[in-house]
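Each chain carries a letter (A, B, C and D) given by its place in the written order, and its residues are counted from 1.
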């Protein structure tokens, strides 16, 4: 079970969260990873935690100003990247281009999407995983696995129908270990988390509680 | 076989092209349609030709300025709409939203895309059809069915794999009747055309030549 | 005093509002105009009312799908266009390009912006007018001239400082004749209106009440 | 005279260029700075060179994925940021928002623009500097100060007319010391450079040649 903590642009200490994540990772069968801001990638990766980028652009080396290059993200220590997060929506052709860039740089990929239809579309592009995030649940603290379990199951079916070997993650409202277990029971192979860990007073305790029931 | 003529913002007389298209439509088994600019929809529809919009936005009635509402396009006489044309790329979530808007207004839908992977993604969203337009062929006069027949066949396979009943159109470089026949033989159920008819000195003759071999 | 009614994508009858606007225009010193959706431009212009587009794109005749061409808007009967409305924000370079397109087609231009700094920037591009719309007041029914009169005066100063002859319009929360008078007293030479007229049970009565104090 | 080297996403060694820039900076009255990719900001700043970001987003701390936060850029060691580069065009409202974010984090700002009208608009938003980059000259090796000296002078006038104390930089085609001197003589207080240094076999020699005539 992949537990990916998106640090967004929260005012947290990325090194403290990364260190806690690495330590808890050693105590559990879950695979814990952290996605910091681009400027923090190198220092987060140096903690030894599995490190992900929040975004890469559909570009190559060259004349691109203010963009995230997959090769740079990879050299900074990231092993994967989120794409098309609800806070960074991309055009269809650019998701495809960013996936190509990520593959070129040996980055794993998770494409986020709103609903089962979009999950099927994202899966057809051949990422390693997709994450379903119903917009109405983002930031509510109500997990999609509880508020709308059909969405998770339908997303799993849509990803399977795309005929590629694409994992499904659950990406909205996860905050407790029970939510993680419920997501797994619906067919999800991972969860996306953000404020529940990144803004916790004690990120390590928050993570321990999350993975404890696994 | 659907022959859809995209008038883009060419300096052509949309009524003259529409009238020619309606007249040629009566002489052939092909289904001929015209996609004018939004401001020309009503007058083009009044010629009796099958009329399509070039784009609709992922919106409903309400506070939206400078957008194309599916209901308005439908009331103006359009029976369908292009979406995600290479000159009007959309975010994945907005293709989904525009498809929802089009269905609400009973518009047929054709989603354009660059390559078989994106065609598979577009087809997973459940449009009536998809159109494959390799960027390197757009505007070249070299038809995709000739320059790169595998792209058309792969697009047909990708659309079929999406498990929905989605037709595939061929959308780049079509300019002769042979191109249309070749597209059909590769599995396409229609073609997108633009300058070959819209900028022809005699649009009626250009259309007649296109559909003659069918 | 210009009173421009933006019909957005409201479910109103654009011809009924246009006809009412034309009739009330004949009874007042105010200049009343209507900005319908693109597909309604021709029929609205045929009522004889002063007609505006809601948007034009920074393009010329050519290969552009799903865009609004200034020449087409003009031939449809529009005499001007809004640009950069808060519901259709543009990149700086595209406001410049759209202004160039509008000038080429002899369209008057109103560039919308959020605050006095952006109004100064918009005015520096040389439109005919700018419209200040503080985002927090849009749709509130509280006129900017009342909630935040300094914004209007600062916008008038910023437009004057741009050294071009650029009028300032007041564009948020206007719903009564007193609001229009207050806007004029702060230096505005016009107002942007939307739901107050477009969604009124009796658009003609709503307009008469608006211009009565002028 | 500010000489700002934009490393874009070139396949150069950012530390080598930064070290060369710091060393040459000590030998000249010019002020030399380097703008690396976000993931390289910390290591570039550690070389002691003046470090700039290529972009920051119009956001605050919070729920933003895949964005560049001004505070993070500043903490990583940057003292300023480019905005609205021709390869990263922004909406007018977002240039204003990004400037506000940069001021909040005590970052200097340079807003790029295409032509004198846009330079006037950019200057009206109150950045520290603007950079004029005629699109037709970008990447040509022909300096704007030579191909079109009026553009530089008109940009200086437009920035002055905005009534703020805004410097003007010359941002296209600069590759020799003569170009830098010519830009200065036209009123520019700095230059933007990219491939001429970043892709040079010997970045230090390239920089020395650039600042030698100053």
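Here is the rule we go by: contacts are C-beta pairs under 8 Å (C-beta built on N, C-alpha and C of every residue); 3 or more make two chains touch, one makes a residue touch a chain.
None of the values given here were measured: they were computed from a predicted structure.
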Superposing the Cα trace of chain A on that of its twin chain B calls for a rotation in degrees, to the nearest 5, of 180
Per the C-alpha centroid definition, the whole-Å distance linking chain C and chain D comes out as 36
Note: chain D sits from chain B at a C-alpha centroid distance in Å of 43
Taking each chain's centre as the mean of its CA atoms, chain B sits from chain C at a distance in Å of 34
Touching two or more other chains in chain C are residues none
Pairs of chains in contact here are A-B, A-D, B-C, C-D
Residue set of chain D touching chain A in the complex reads 6, 8-11, 37-43, 54-55, 59-69, 72-73, 76, 82, 85-88, 139, 194-195
So, in the complex, the side of chain C touching chain D is made of residues 84, 89-96, 113-115, 117-118, 120-126, 158, 161-163
